[in-house]
Amino acid sequence: MKVRVGIIGATGYTAYEAIRLLLRHPHAEVTAVTSRQDEGLPIAAVHPQLTRLLDLKLEPLEVDSFAERCDVAFCCLPHGASAETVKQLREVNCKVIDFSADFRLSRVAEYETWYGVQHPWPELVGQVAYGLPELFADQIKDADLIANPGCYPTSAIMPLAPLLKAGAIQSGDIIVDSKSGVSGAGRTPKLGTLYCEANESIAPYAIGAHRHQPEMNDIIHRFSGSSTDILFTPHLTPMDRGILSTIYVRPNGVDADAVREIWQSAYRDSPFVRIVDHIPSTKHVAGTNFVDLAVRTAGNRLVVVAAIDNLIKGASGAAVQNLNCIYGWDQTLGLL
Amino acid sequence: MKVRVGIIGATGYTAYEAIRLLLRHPHAEVTAVTSRQDEGLPIAAVHPQLTRLLDLKLEPLEVDSFAERCDVAFCCLPHGASAETVKQLREVNCKVIDFSADFRLSRVAEYETWYGVQHPWPELVGQVAYGLPELFADQIKDADLIANPGCYPTSAIMPLAPLLKAGAIQSGDIIVDSKSGVSGAGRTPKLGTLYCEANESIAPYAIGAHRHQPEMNDIIHRFSGSSTDILFTPHLTPMDRGILSTIYVRPNGVDADAVREIWQSAYRDSPFVRIVDHIPSTKHVAGTNFVDLAVRTAGNRLVVVAAIDNLIKGASGAAVQNLNCIYGWDQTLGLL
Amino acid sequence: MKVRVGIIGATGYTAYEAIRLLLRHPHAEVTAVTSRQDEGLPIAAVHPQLTRLLDLKLEPLEVDSFAERCDVAFCCLPHGASAETVKQLREVNCKVIDFSADFRLSRVAEYETWYGVQHPWPELVGQVAYGLPELFADQIKDADLIANPGCYPTSAIMPLAPLLKAGAIQSGDIIVDSKSGVSGAGRTPKLGTLYCEANESIAPYAIGAHRHQPEMNDIIHRFSGSSTDILFTPHLTPMDRGILSTIYVRPNGVDADAVREIWQSAYRDSPFVRIVDHIPSTKHVAGTNFVDLAVRTAGNRLVVVAAIDNLIKGASGAAVQNLNCIYGWDQTLGLL
Amino acid sequence: MKVRVGIIGATGYTAYEAIRLLLRHPHAEVTAVTSRQDEGLPIAAVHPQLTRLLDLKLEPLEVDSFAERCDVAFCCLPHGASAETVKQLREVNCKVIDFSADFRLSRVAEYETWYGVQHPWPELVGQVAYGLPELFADQIKDADLIANPGCYPTSAIMPLAPLLKAGAIQSGDIIVDSKSGVSGAGRTPKLGTLYCEANESIAPYAIGAHRHQPEMNDIIHRFSGSSTDILFTPHLTPMDRGILSTIYVRPNGVDADAVREIWQSAYRDSPFVRIVDHIPSTKHVAGTNFVDLAVRTAGNRLVVVAAIDNLIKGASGAAVQNLNCIYGWDQTLGLL
């Protein structure tokens, strides 16, 4: 019998992507989709790509009824709202993979500073597994609640964590210059994500002030031991999907080959990490759960390049990978 | 002294394009910009491209004050609202170039059927010059109010009118298959014009039911003598701007050369019509006021191809061209 | 044991797409990839997306050696060259799915007129199964050689064939206005497919003179009984992939509902045909093997809309679907 | 009488853009266009946008005949070839604005290292005015030969030069992370600039090894006094045009306001520099000669953002601006 997954907040891009991946999964199935605003509509009315593929109607979330029909919830609600719902779902024993930022940070104070809301379930903050199986497999295995990582942090933490753990780079001088496709900004109509605003345009936003900066620093800190101070600049890039992070670091006497060896060793058993000699592009990973990593020497710095699909390894693919880990399945099920 | 132009509803794409063109105009200047929703903001706050180029604040429209500072209004309001405002502006003797559809059709009944509102100024319907100087120069010259044409109709009427007038094609069997850039859908945030919806996507909409279909038929009828029945299918195309219309007609014993001769003769004195041998692309006319026309024989049909920039010849360029005509200036001022 | 597939001419977009689909196939595997120009390179050097997914080197085609390692060849060579190779492969009993046009038409004379080359294997012309399983299942089953359909023809034949067979539309008045993503033009560097030429541009090409027009007429004729005269206009559209065909037909007394019923009946057992109420977009079918079909009434015409992914249902997905048919597997293997 | 400009190597994107700008120029006209490969074709055959706008045929360059008909040459040839031609043109007293890199660097040895060719006219290296009128007006005025700056260097030097001159930032720790539209890669068909390769893709290239890195360092050095060591990473971005440079620097005790004041003071009389409070996007400057500059504080760094149109301020607009300077005209002629 298949594991039953319900998607909460099913009208956005990450929700669609999660459904699409789960439709290919041999041991999981989607059994409920919720939405407050589009209640009653068939899922294919909001995602026409799902015509003939998934025959479910959007329903308002009622936790008890939902938990009867779902073993696991993929919770795609905005921060704040998400933690509230996660709490209710956990009380009726539904496992949860939370796409929001609500349980990613270690400290309540930092969460409340950056997200500007009171945390609805502060006692759990710092106790939840961060859903990067390549780095936190032990905590994810057997977890009932997982904080699915942010898209930008995934692209930065994956290359940086092993290097900091090995002491190969300086923790105090790291610049992450990231370029993201527009889907990262969500599906709610806004001026800035209109076609004619985003097309033929690239620009940074929230320079040194994006909420994913503290997430990067928080997670990275667990590997560096010492305090880290990543400077993070995201850029809105005219493409549907993909994140390309160009990362500038100072080596502690290592060269590019040594970096590749550290990665090889750290990710020996990680099927989704590809350490490549060519320079990665978002196109190489589009539609996949891969993280492509490369490194170049430039003057007295190393330049690390990481590419992911923001909707897959940066969101829904990671969620399915976490699902696989929770149930002890092969990490790649539904993802190749 | 320069002619003073005010832009009513100045936050959209056509308004921006009009401002940009007028900034290059030797005899005109922009002296007021209005917006209800963004009142008080500098125009460069909503159109950052205008930084250092135009130092005006958005103001709510007060007709008397506006008319003191503007000789001509470019009215970029939605249909219905526009006619109401046009009426007030005419009462204080401000000339108006109306970007809406409110005065384009000949009959009130048809307007009210297609636009679903009562016309605020029915006695003027059918009396207003249709702003295609290539075809209606006599009516535009000395006009105080001009109905600026729809973007799609411009791309269809320009090639078809001379052919129908010459009896070269059958009026009862015309298909206009048009492809438009996303800017044609306006700047108000909507799901369908989000980058991630419109990008990598082409689709028709309002098949045989778009409001520009009766506009085409109405104007074309003035040339064909007999009733016309254009079938019009617009398509949303993943690009900022441009309209490419592929038009299928039945010749009355003429070939492609004869069509080109009819065009050459009709547009001998029209600086913005280019009859080309190659196949036009929207890219060839982007940023210009040109209409590129070509024709090919295919079986027992002729295939006519017309390309314009929907924001320029399809909207703001036409408005400036009309302004030039009203004031007796060379048609090309500000437009080359 | 898996069926072994070799890809001949493996450096282009359709070849990549075929490999990607076969990697997901439960009963097939890719065992050889050939290329004259890139001989010796790992496949991942020309398709970086395949890094870690397929560990094969590009080899020059030697038929005997190839046939020892491959049960089936996907032949992605250009027309003319393809038939020559197909002949050799058949002589050593390798099954072939031919992506070229060499065996699609019924008559040698027509082939030679449109393709401008002498046919290398004329006695087989007209004897080869046309690879649309939805329409030619009987001929495909047990075939050793299949002519994989052209991308544009697939988008036109799928909606038109059942309607012509049912006598629901007139065969002499059909216009197919198609819009294709740039990948349809192949991966060989040419001016017209450079990013800066194709981006922000839409234009028709080969109006009434494209080689897919006789292919459409040839196949359609088998259903209409009478002679057909499709007028076909392809357009290069600024997107990677997808074909949207807008088809104008004259009904023989049927309405849109009747059309949908004819399709429903004809494609009752076809898992990849979706008859939809909304208007299809290329985005709805991108990355899938679906054909989305819709119809609208417009005046005295019907407007049919068909959307496919040109690289999948229009090429490599069709090839895999044909493979499934040849081996008697479920049509959807590897394709959902 | 107008100044007569000839375009050498007129088939590329920068040449087209130069022609388009000169067509609007009140005191200049294009009197010759050369091309070896397309000799004899009308210019509109290679740039269809110029239909009816410029009636010249492409000719092979014959220096004597060219110089009789042209007062100034815009030389758009590749490096190496360009210096050779520049030498001949100067010998017949034709003024030259050289779009290539041949006369940008100060030292022959560095040129030969980075460009891999022997310099054809080494005695002039280091003697030629670098064509940024905002910084080198004195050298440009009355010059007969100008080295038109590289596109990336313009985006980096403009913000950095005044800051280094003022000692406001550290010269030894500067990272320039640039994102360029595809037109920067030229119009010669290559795999990497095909639509289907560049679309939906962002990737860095030539990390720390691009030829514009020594150009930046060379020019910047003239302002910093001390040696500079810029680390430069260009990225190919899916858009036609525009460069966005995100620049990471270490302040010497200055804050963002101080940076803006230094820029204001340095560029007080520079009509094309806009120091903005919002974050610049390439879209804000597309089609213009503007450089938009902004700065933000982030931790202990300053993040500078510069946006230009790579084909205009990054190439052809700069050339026209230099032309204006040479002839003592207002810098903005033809450029607003």
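All chains are identified by letter, namely A, B, C and D, in their written order; residue positions are counted from 1 within each chain.
Criterion: a contact is a pair of C-beta atoms (placed from the backbone, for glycine too) under 8 Å apart; a residue touches a chain by one contact, two chains touch by 3 or more.
On a predicted model such as this, the values are computed, not experimentally measured, just so you know.
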{"item": "Greatest separation from subunit C - chain, by CA centre", "value": "D"}
{"item": "Comparison of A-C and A-B (more C-beta pairs in contact)", "value": "A-B"}
{"item": "Inter-centroid spacing, subunit D versus subunit A (mean Cα positions, whole Å)", "value": "40"}
{"item": "Inter-centroid spacing, subunit B versus subunit A (mean Cα positions, whole Å)", "value": "45"}
{"item": "Separation of subunit A from subunit C, taking each centre as the mean of its C-alpha atoms, in whole Å", "value": "36"}
{"item": "In subunit D, residues with contacts to at least two other chains", "value": "181, 197, 199-200, 238-240, 280-281, 283"}
{"item": "Complex interface listing, subunit A residues touching subunit B", "value": "13, 181-183, 187, 189-191, 193-200, 238-240"}
{"item": "Interfacial residue positions of subunit C with respect to subunit B in the complex", "value": "175, 177, 179, 181, 197, 199-205, 207-209, 229, 231, 233, 235, 237-242, 244, 246, 248, 279-283, 286, 296-299, 301, 303, 305, 307"}
{"item": "Interface residues, subunit B side, partner subunit D - complex", "value": "23-24, 48-49, 51-53, 200, 274, 276, 278, 280-281, 283-285, 287-288, 290, 292, 336"}
